[in-house]
Amino acid sequence: MPRKPAKKRPPYPAQPPSLTVPLKRGMEPWGEREGRQETPISRKTKAATCDDDAVITALELPSAELTPGMRAYFDKCTEKLGFVPNVLKAYAFDMPKLEAFVAMYNDLMLAPSGLSKLEREMIAVAVSSHNRCYYCLVAHGAAVRSLADHPILGELMVMNYRAARLDRRQRAMLDFAVKLTALPWEIEESDRAALREAGFTDRDIWDIAAVAGFFNMSNRIASATDMRPNPAYHGQKRE
Amino acid sequence: MPRKPAKKRPPYPAQPPSLTVPLKRGMEPWGEREGRQETPISRKTKAATCDDDAVITALELPSAELTPGMRAYFDKCTEKLGFVPNVLKAYAFDMPKLEAFVAMYNDLMLAPSGLSKLEREMIAVAVSSHNRCYYCLVAHGAAVRSLADHPILGELMVMNYRAARLDRRQRAMLDFAVKLTALPWEIEESDRAALREAGFTDRDIWDIAAVAGFFNMSNRIASATDMRPNPAYHGQKRE
Amino acid sequence: MPRKPAKKRPPYPAQPPSLTVPLKRGMEPWGEREGRQETPISRKTKAATCDDDAVITALELPSAELTPGMRAYFDKCTEKLGFVPNVLKAYAFDMPKLEAFVAMYNDLMLAPSGLSKLEREMIAVAVSSHNRCYYCLVAHGAAVRSLADHPILGELMVMNYRAARLDRRQRAMLDFAVKLTALPWEIEESDRAALREAGFTDRDIWDIAAVAGFFNMSNRIASATDMRPNPAYHGQKRE
Amino acid sequence: MPRKPAKKRPPYPAQPPSLTVPLKRGMEPWGEREGRQETPISRKTKAATCDDDAVITALELPSAELTPGMRAYFDKCTEKLGFVPNVLKAYAFDMPKLEAFVAMYNDLMLAPSGLSKLEREMIAVAVSSHNRCYYCLVAHGAAVRSLADHPILGELMVMNYRAARLDRRQRAMLDFAVKLTALPWEIEESDRAALREAGFTDRDIWDIAAVAGFFNMSNRIASATDMRPNPAYHGQKRE
Amino acid sequence: MPRKPAKKRPPYPAQPPSLTVPLKRGMEPWGEREGRQETPISRKTKAATCDDDAVITALELPSAELTPGMRAYFDKCTEKLGFVPNVLKAYAFDMPKLEAFVAMYNDLMLAPSGLSKLEREMIAVAVSSHNRCYYCLVAHGAAVRSLADHPILGELMVMNYRAARLDRRQRAMLDFAVKLTALPWEIEESDRAALREAGFTDRDIWDIAAVAGFFNMSNRIASATDMRPNPAYHGQKRE
Amino acid sequence: MPRKPAKKRPPYPAQPPSLTVPLKRGMEPWGEREGRQETPISRKTKAATCDDDAVITALELPSAELTPGMRAYFDKCTEKLGFVPNVLKAYAFDMPKLEAFVAMYNDLMLAPSGLSKLEREMIAVAVSSHNRCYYCLVAHGAAVRSLADHPILGELMVMNYRAARLDRRQRAMLDFAVKLTALPWEIEESDRAALREAGFTDRDIWDIAAVAGFFNMSNRIASATDMRPNPAYHGQKRE
């Protein structure tokens, strides 16, 4: 994927002259436009987006004292990831809520399952894309890129999973998860049958539903509180 | 944004033991799970997503001979960007169509306007996000990152522009563009009035509408043809 | 609410003759129509709906051995309610999943909060109504009837919370919860501001979001698995 | 369906202790929580919902003098049902409108048809569920429970007809009625063909359409006027 | 409105040459393209659309013998309009149904009301436009053109009532009718208040709701049966 | 299509008396109602709709000097059509924008293609109907009527293309175009396959997508600017 690095680049350069109208404007080659006065992104906007996680949520909920278990868990996060994910800090105002969230999350996403960890993250991102959840798309989009060891699959899950060239199994899995997200009242036996035909067991169906359900919860808590992702996710596994 | 590089990383490590059930599974620390057998992403899936643009569209439309003007334009693309954007190759089966597209695109996105080039790209991406257009989100998401000289604004436009901390002008601009995309039949004088109150002139309103309209066209041509973006976009301006 | 008991009753009796067409049919008083041959509800349909919970879900997931804690909890359910709620039996194929669900559920719905238990159940039902989740509407509709000590509020939450004559606080709470359910990507500061103006604290906002989020998860797991409610809920607190 | 009666009951009791965090709150058994201060349902809210039909609609339209025919009809309602359905009182401000409504209603719902009266009421409720019409769901939900001589079918029609275990004929009938309600512009020959394959005649198809159409009218008149159902419906045929 | 009559006319002629590509095609003036081979509309398609009402509905329901009242009414239609509206023929398989429809229709659309007959027809068309009902748009679009004595208002109601330049009263009336059509479950006191502020009485509100409701019924019966309008409507009051 | 001309005509005359209520109102024959006071369409409303194009858009954008090419093109419009289409006047504030629009429009709609000009106009109108665009429905509805040499096909495209009795090819074409308009993110290989099965080539698929895309742009520019069509379109080819 060799490419010439470029800053402040529109996606294509301007076209060469081709219309009868004298090209008084807009048509000069891209290079010459450098001097033109651009309305810059406002300082405030830039600061706000750069310091994305200076304030983690829109709610003022001071952190409680971590229990020993949660303290050890946060330390492990820092050691392994370099930071404590902001969702954990957001829940840290109340230890029982933090513990319950962590217990359910880890069971769903990391415990043994017929679904690989990557598949569970793919569900997470496809669901979060339907729900347009900024926090979850950033954090779990990075997870898909990392677990797939490739940058593009994560972008496809964020943007439109239907554009990804998936095998039949993974496509059926995501179709179920996204229909369950968009139109849960229309899920019926034929939807479960489609999963079974794609090779999933009843236990796998539970796990697909449970992961999709969990992110339908998390997306809403993140959106309700304007939760901000750790900026470090943005650059992970981009090439 | 210092962080510890990591491969194949789920977003958070597993929690420490905290439940009464013996942790036979799922709860061991993340590090120890490395040895576990993951269902890998299929070779075919990986190849398909890696070689994203081996086939640019789902339609077999052999390239026509480029006119001298278009030849010069493609050469300039290669010189400036390192590649010819795939949308141009997709249109190259027919010179009048390619020329008309290039003329309209360059006028809209690069000619003088009360909207900065960055603002026009922000509209492009917010519209493409509503329409979940993979090609346009990749290509123009990269443009927002480059023109803003910052990686996060592009992600916000791709994922949910409402989560971006924008000034009033840019928020009004995107609200109009996205409503025009989603519910064009409900645009009325009050919507134009909101733009005027945010400081936009009648000419600016035309430009907002024209850029939003153009990407409603392009999104549909890209989706109809399964157009694939050049992979180089993915890594641009990520940090 | 005195009323005359009646079986197999259409909501109104037939009208007296009033049209010029001889009333050969359809217009005779209701009482006289008793002898007419009705297509009865099929035996199979009746059996299926009567034995609503003979099979709790559409997935074959044999119960695991209950941990001592879960065994005690199920016993308490039987003692207090007369039955073990089917959702718990559905999760009982896997103890960590059951424990995580119970821990999160009990914290959300029963722990101290600025929201009363009734208010949390009202959120549960209004969210489940948007998602048209049979299991949750039956189980939590009964809870609203019981906690309100009145049958009608539960029906209003099931059918259309907007038709209920609520005070401003509870209306704001449900408006937020249902918007968060339907359009999570459109929740913004103005939505949180509306809750604060209605008297809610930041902690209350978290709790509203967390309960609404939780039922967006549970609704989907119930719909994905065709979960059936215990029939005993139907008759609870009807007068 | 034996069950232990209980008042003010959350759907499940609280779990036994199972987390490492000291259970300062929320986790104690349900029984002990009785003493806790609950925010009660406001007196005003309770009165409003109890006296559901003190005011039948939001419009002030004084009743006209009943014609002899309508007087006899109202008397028959009182004799047979114990009350005059509120929808009739709502129309009673104008005799021609009341007569036209009664004539059409009785023809549709009570005249001979290939559809049983129960089937027509099932259509009424499934349509009213799509339209979330409080009046019609209460009044016709009670009719389904009564005509089916069973409480659960009515709840299924109110909550989500897709969750009911119906035979093929009744499922096809409701699928048509609800699609006609939601997306009338997409009804085509294939939809009629599906009804014919399920055993319906052309006359039956008319009747399904006419009943579905009628409740699309009634739902809107009830919603437009905030029409309130007679409270007696709520308790009918609950066990 | 003077204009030069023209047949088979695209809306604009072709542009003069303006691009660098030799205009081998597509750019020649419109006049010269006459000789080009057009794929004509198929004979079958043309016949089908010309003989729009050779078959009035998709259901085979033979006409019953008209009652004397209905016979007189049909005769009056022929005398006044030159034809019997197809909807009446469609209902003529059953006299009580025909009579009930005619009674309700005439009361709603022709009886004294605070709404003019034109206003009631405007509601009919705006509702039918939301529901995309071919029969009702043709028949009642013609009525709006005739009652307004002007061709354009009818087209605006058919295409998008929001584009019509209406006074505040009529705009409020249509906003209520269309919201009641699209989202009946969201109609609340504030919607009725907006009508009262625009000068409508409670009786007027009933009439707006009743007309909107009636066409929500009729649209669905027409769509369910593929009802075809009398072709004579198309040419009425076009200039 | 012989018919008796009539002014200010409701679609059906009033019914003869048929109810027991004395017909004090609403039921008298239509002819006798002539004398009743109708609330007339307001003078302002009538003027506004009559002078539909006194003001072409809601934006004040003074016309620029036409280039010689555009001057010749406008002259040709006047000669051929009797007027310059308002969309061209709307773009005339800026010559490069006008030229680019004209170049793309003429290539799409008039250049050689596997789609006939009529088919391209059918796509234009079906797309504009989904988007409820007043300008495009009027201008291109007239084009369909003219090119089909028949008034009804245009009305069907405006009102609901699904009600038109089309051959399989044209139905597949419009289904693709309208799905691409409504749900571009759901277009996939199976949608392209359906077009190929209906006889379309890959080049045809491009053209369908490009025309549908173009009107998704134009609809939005027209709606954003409240563009008004030339009144002459309304009367074209009505019989």
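Here the chain labels run A, B, C, D, E and F in written order, and each chain numbers its own residues starting at 1.
The criterion applied here is as follows: a residue touches a chain if its C-beta (ideal position, glycine included) is under 8 Å from a C-beta of that chain, and two chains touch if they have at least 3 such contacts.
None of these values were measured; they are calculated from a predicted model.
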item	value
Most remote chain, CA-based centroid, reference being chain C	F
Fitted rotation between chain B and its twin chain D in degrees, CA, nearest 5	180
Chain pair repeating A-F, as identified from B-F, D-F or A-B when over half of the contact pairs by residue number coincide	D-F
Interface residue overlap between copies chain B and chain F, same or different (over half shared)	same
Greatest separation from chain B - chain, by CA centre	D
Separation of chain C from chain D, taking each centre as the mean of its C-alpha atoms, in whole Å	15
Inter-chain centre distance, chain A versus chain D - centres from mean C-alpha coordinates, in Å	41
CA centroid of chain C to CA centroid of chain F, Å	47
Whole-Å gap between the CA centroids of chain A and chain C	32
Chain D, residues touching no fewer than two other chains	18-20, 25-27, 69, 96, 99-100, 103, 107, 111, 132-133, 160, 185, 188, 226
Touching residues on chain C, where the partner in the complex is chain A	58-61, 93, 96-97, 99-101, 103-104, 107, 111, 131-133, 176, 180-181, 184-185, 187-189, 192, 202-203, 205-206, 208-210, 212-214, 216-221, 223-226
List of chain A residues in touch with chain B within their complex	1-4, 6-19, 25-27, 29-31, 33, 36, 38-42, 44-46, 48-50, 52, 69, 72-73, 76-77, 80-83, 85, 88, 99, 102-103, 105-107, 109-112, 115-119, 121, 129, 132-134, 137-140, 142-143, 146-153, 155-156, 158-160, 163-167, 170, 226, 231-239
Parts of chain F lying in touch with chain A, wherever the complex brings them together	67-69, 95-96, 99-100, 103, 185-186, 188
Residues on chain E engaged by chain B in the complex (per definition of touch)	19-21, 23, 25-27, 160, 162
